[in-house]
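You will see two complexes here that share chain A, one where it goes with chain B and one where it goes with chain C.
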Partner chain A sequence: MGIATDTTTPADGVPAVTVLPEGHHHRHISRMLILPGVVLLLLLVLFPVVMEVYISLTTWTPTSGSQWYLAYRDWTWFSNYWDGLTSPSFLHALLRTVVITIAATGIEFLLGFGLALLFLEKFLGRQVLTVLFLVPMMIVPAVSGFVFYLLLQTNGPVNYILTALLPGTVELQWLTNPSLAPISVTLVDIWQWTPLMFLILLAGLMAVPEDQIQAADILGASWYQKLRHVVMPIVKPIILIALIIRGMEAFKIFDAAWLLTQGGPGEVSSTISVKLYREAFQNSQWSYVAALAIVVMIIVSVAASQAIKPLEQRQGGAS
Partner chain B sequence: MKALVTAARVALISLVLVIFLFPVYWTVTMAFKPADEWTPTSGKIYWLPDQPTLDNFRRIFGGTPGGSASFLVSTPINATDSIVNSLITATFGSLLALVVGTFTAYGISRYRAGGNMLGFSVLQLRMFPPIAVIIPVLFLWTYLHLFDTRLGLILIYGAVTFPFVVWLMKSFFDEVPREISEAAIVDGCTQFGAFWKSVLPLVKGGLATTALFVFILNWSDFLIALVLAGNKIVTAPVFLSQINSAATGQEFGSRAALGVILITPPLLLSILIQKHLVRGLTFGAIKR
Partner chain C sequence: MEQQSNHPQEHPDGTPGGPRATRRQVVAAGAAAGLGLAIAGPAAAGTAKTAKRTRVARSMGGPSGWPGAERYQYPPNSAPGRAVAAAKALKGPNKPYQLVVGMYPGSIGNYSTPFPKGATPPAQLWQQLTGIKIKFVAVDAAQAYAKNTRMAATRDGSMNIVQLGMADTGDLAEAGLLRDLSDFVGQYRPDWNDPKWGYLGGNTTTQMFNYYNGKPYAVASDGDYQVFVIRKDLWDSPKEQAAFKAKYGYALAPPKTWDQQADMAEFFHRPDQNLLGATDLRSPAWGWINFVMRYTSTGNPVAYYWDDNMKPLINGPGGLKALNHMIKTTKFGSKDALSWVWPEQYQNWGDGGAAMTIAFTNLTKFQKKGGPFDKSGFDVGSKTHAIPMPGWNVGGKLVRHTSLYFNASNGVNKFSPSKYHEAAYLFLQWVASGPIYTWLTANPGGYQDPCKVACLTDPLVRSSYTPRTVDVIAMTLPGAAPSITALKGANEYIQALDINLQKALSGQVSPQAALDAVAKSWDQTTNKVGRAKQIAAWRASKAGWPKIADSARGKV
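Take a look at the complex of A and B:
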């Protein structure tokens, strides 16, 4: 737009160095900037989703021999959706994923918060120890799935250590016992992502001004009162962000769950992602999977639009 | 008294750290164990490799472990191709996301392009379980002959990590005062010139951080490579999950060896971007 900026001369009564006028050139450049991004989204997201809706209304599968765009020949309206929403197996997977998400996020928060409190005061080696806590979240999930598979074998090191610590012989079947398998899946998530929670919360706690704590000390505030009235008001928005982001990611859990138990035994540890994967690639129920995927996307979108609000405020406020 | 409290604090932290690092320790030691130490056959658990060996590494690079009878005869495997595939797809996928995402981020940050909707929908993308979105992509890729190709993976990696780039770079651009680009324009730069010559150099550090961060994400992917490739083009994480042999079943040592190779780049890179790790993983919402 070049010299066009000069329309905001003092003669117009507008200070020279303020926001540029929202002119037509302006809109032009902003369109040019976001164009590649919008194309990428349309091509790789919008089009596939439209396609998914289309296929979900049919009984088409790749094995039926015809191309996907001819799927209308097997039109069934909403029967896939009906099957999904009345299928106990799908509803259980959905419920299970919600439970795992809440449990994992909650435990990660408690552990992370406890750790962050331990790190709050300066001590020798704090920097090094903080960096070492980064390690689990940098491990490629395919590797964490694999190593927990080793650790949690019935004759593996975890049971061995538990036997050493507890009375009696511990022979827990972490991966094959129906009530333990979902717990094992949750454990991997907790191991991998507690460090993130810890880092976020530590950053939040460090932001609490020391003089406020000292002032509370002088006023004779107890440990709990300080936490409740001095620390919490400052840290609360950060806690909220940490919980939302972690919850969002935990809901998608696949890699570790798949490598650990493949959703088994039976389906007792299959999360929503594992369930969809199995239906698609083991049962070839493509149109059914498409319908389930749409249902999941609608649920996630509704949850997301609520969850994102604090994030957006934070972004807006910080800029 | 104070010293005692600190000592107790460090002891507690160390204990938790030992628990958290144990799986990593187990992966690394497993990579150097000979086959008869992989699992406790006679009830003995090998906390350290009794007879440390490089056989596992030789095995995943096509070698037939010499001398050691512990390896039963099995077809040679070679992870080189899969590592190369991972490197290429993660690198170019990240570049694609970086280029497209940086422009978008600047558009949103500087010009409020797309109103509030664009930023929002970009972030929302991140919330969908990938498997829910990827199945139609699979149909599309098969139709376009992009299934099981590097280009196909590059495109999808670019799209999947695009939201991270947008939100991270937006948070960096937001920190650059508007006056910088306005001054450049007054000096005769075009809008794009102002962006290229005066704004971009200021966010160099942020750009590098974002690049490394996105690379780590793409390098770590398992699900996408499992669904959209896996016959001709296999990435390292998928290869790892498939190392088996008829004779010994799952080859724990060889898997661990590849695992060690896989986890090394993210660990090293994360040290470089340590300062911005939280910012990255929270989409720029928390700046530390």
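Take a look at the complex of A and C:
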């Protein structure tokens, strides 16, 4: 509806009054009503971002002795960004985190989707098992990290079980072998977060209309054909959302990496969060960390916006 | 007065910190004290046991009302006496109702737990004496640095006193969080350098503990020195002695050099018998100190981390020798050596699972029969024998240095109301004074460790840490080499060392490549902080470095 005015004709000396149409009036009021919320949100979001960008352009740290708003005295333009982007340690951490994210999210999806398909069918004890499968997700990551630290000791239960199952004595150094340490961190993430994937995908699968499945049955479709041609098109957006959410979370993995190995030995399991934590809270390099955090934020935002495109296209096509 | 000989010495020259004791004097005093206690100890203990509840003498301050309290009393004209009198005399707006003290949870017990049972806890005693209440706020030790830097960033003055690790002093002083204490030190003359009540090692230790860039910013309240312990039953076994001599060609005796330590670690490494050769830690954040002790002993009298122009020396022959030794002996420890931290180490020791290890001095405090680590009933406490840290023969001369890290200190928060800075400092002077600190250390309610000369002769401290360990502390602490401290960015230097040691220990890079990476990283940090500024701080910190190669020479 376009904006139009309705001007009354002056009659008996009464001046003309411009009456705004009802739609415009409502929009104005609604804008005014949400204004405080928008201002608050802008302050909450914008202030930290602006502050972070500002600090990232300086060499300020709390140990500089001056207050953060005086950081301009240590102005350095983009040197922190350059230092970060040319730092092998940062780039390796970034690459490592990408690999862990892809591996963890991929395996969590496969396991979660498989479990969700199994749990679509009714069977005895399904409810109890569903709750049990969700337990890892409910455990505080710090606790699960500590538990796995104990489980993955060379003389710990995991190697003990493997020794019982495999020939010979298994003495895998899960936490101290440079090849195994990142795998251990990934495994803990998979253990803890597969239930979330399972939960989201199960909800998605349960939302598939029963009549469409029945129609496919009547037409003689196989299980795979039903999955591919009926179920997948419907749950695809859910899968995409699950992958995006989990991928973004996995990218920020910290607890498992810190508690199991502190990013080590050396830096082989140092994820981007561990790297930022070290630089910020052990080395006090706040401006450097601010720059790195912005780089990471841009990378994650670009990746997420690319990942979400199919959803937008789908929405565009639907409307 | 009967206890006259125990009273703190007044500083005759009136200089800040009092007369400076030489290392030789302190070592001699410590050794003599240890010997004297061996003779007089039982008698003194007997006296204490039968003593009636004593009352503090008219002119004496400090705890009272329990047998032995007189050991911790002091005259008015002493460091603790002056602190109490000055705090009491504070008037009007300069006298706080209470001081808020940030402190590691494990230390609070030293101040708030009645010891002995029924005694007034130190914090409460301070309140009785001065009218100033102490409120403790627990600050997790692992998060203290991050919290303190956040406090600096936000100019948070909610705590009058903050607790920090020794390595953080430079950063927090530069951050403006720590107040320069020079004026108070000059005015109230703490007993830090007093030969009887001061820090072990005298002024060298004072400089290492409390000074940054030539000024006092902190007051140490811990003694996180490293002590080397062996299972004496193994060394005393004629069977083991014969087998060792047959294999290595020399007698089995407590190792004096790191080479001997490697032989003995190999000899006793018997995982099939649940016995590991040596379990000094190698894990992130815990292992680097064991490199430091190997490294600082590669030079005579000591190997420094940098030359006078902050050129790293760590990647020279000394560093390589130290790291190669660490790599070589890692296989004689746990298969998880790179992830073991102190709980695994202490429990393994409690189970009699290792022939030797290196730990904080409190290892012997906690390894008692029926204690928290004696779950297997092995009673390793009766078999644990402390010895001086091994070293290297440098040009035919044995060089041995222990070291210390973490080591809690306290500082006055510059952002807290300035009118209360004086009261905050006076509290720190009181608790860090010889008599009160000794009383605090003896208290098993907290984990503060001995660092004062007076602790060496105190029957409660000796009983708690075992007389042998206290004697070794007396011998070796005056020759302790500082870990990386008293520099801005100390934690960043440590971090670079720690990470690259891990890389070498896990075989990711060669030892030389690891140390070269450390040197490169250290240079970057130095340049970032400002080379000229850092050179000045480094040169000033050298006042806290030992001048003698082996303070235990001739004593064991």
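Definition applied: the second predicted complex is superposed on the first by the 246 of 319 C-alpha atoms of A that agree within 3 Å, B and C clash if a C-alpha of one lies under 4 Å from a C-alpha of the other, contacts with A are read in each partner's own complex, and residues count from 1 in each chain.
Convention: a contact is a pair of C-beta atoms (placed from the backbone, for glycine too) under 8 Å apart; a residue touches a chain by one contact, two chains touch by 3 or more.
No experiment lies behind these values; they were computed from the predicted model shown.
Trainee: Applying the document's definition of touch, where does A:F90 land relative to chain B and chain C: first, second, both, or neither?
Mentor: The answer is neither, since A:F90 touches no partner chain.
Trainee: Pick one for A:L118: touches chain B only (first), chain C only (second), both, or neither.
Mentor: first
Trainee: Between chain B and chain C, whom does A:L33 touch in the aligned arrangement: first, second, both, or neither?
Mentor: In the superposed model, A:L33 contacts chain B only, not chain C.
Trainee: Looking at the overlay, what does A:L134 touch: chain B (first), chain C (second), both, or neither?
Mentor: first
Trainee: Mind working out whether A:N155 is in touch with chain B, chain C, both or neither, as first, second, both or neither?
Mentor: both
Trainee: So, does A:N283 touch the first partner chain B, the second partner chain C, both, or neither?
Mentor: second
Trainee: By the touch definition at the top of the document, which applies to A:W68: first (chain B), second (chain C), both, or neither?
Mentor: both
Trainee: Which partner does A:Y81 reach: the first (chain B), the second (chain C), both, or neither?
Mentor: So A:Y81 meets neither chain B nor chain C here.
Trainee: Is A:F109 contacted by the first partner chain B, the second partner chain C, both or neither?
Mentor: neither
Trainee: Using the superposition described at the top, determine whether chain B or chain C touches more residues of chain A.
Mentor: The partner making contact with more of chain A's residues is B.
Trainee: In the superposed arrangement, what residues of chain A touch both chain B and chain C?
Mentor: After superposing on chain A, chain A residues 62, 67-68, 153, 155, 280-281, 286 contact both chain B and chain C.
Trainee: Mind pulling up the chain C residues that touch chain A in the complex?
Mentor: Its residues touching chain A are 143, 145-146, 149-150, 152-153, 155, 171-172, 174-176, 283-285, 334-339, 488-489, 491-492, 495, 499-500, 502-503, 505-509, 528.
Trainee: Touching residues of chain A toward chain B in the complex: what are they?
Mentor: Residue positions touching the partner: 1-3, 5-6, 17, 19-20, 25-27, 29-34, 36-38, 40-41, 44-45, 47-49, 51-52, 55, 62, 67-68, 115, 118-119, 121, 123-125, 129, 131-148, 150-151, 153, 155-157, 160, 191, 194-196, 199-200, 203-204, 238, 241-242, 245, 248, 251-252, 254-255, 258-259, 272-273, 276-277, 280-281, 286, 289-290, 292-294, 296-297, 300-301, 303-305, 307-308, 311-312, 314-315, 318-319.
Trainee: Quick check on the complex: what are the chain B residues that touch chain A?
Mentor: 6, 9-10, 12-14, 16-17, 20-24, 26-27, 30, 39-40, 43, 45, 47, 99-101, 103-104, 106-114, 116, 118-133, 135-137, 139-140, 142-143, 155-156, 158-159, 162, 166-167, 170-171, 174, 178-179, 182, 185-186, 188, 190-192, 216, 219-220, 222-223, 227, 237-238, 240-241, 252, 255-256, 259, 262-263, 266-267, 270-271, 274, 277-278, 281-288
Trainee: Touching chain C in the complex: which residues of chain A?
Mentor: Residues in contact with chain C: 59, 61-65, 67-68, 149, 153-155, 171, 173, 175-178, 261-268, 278, 280-286.
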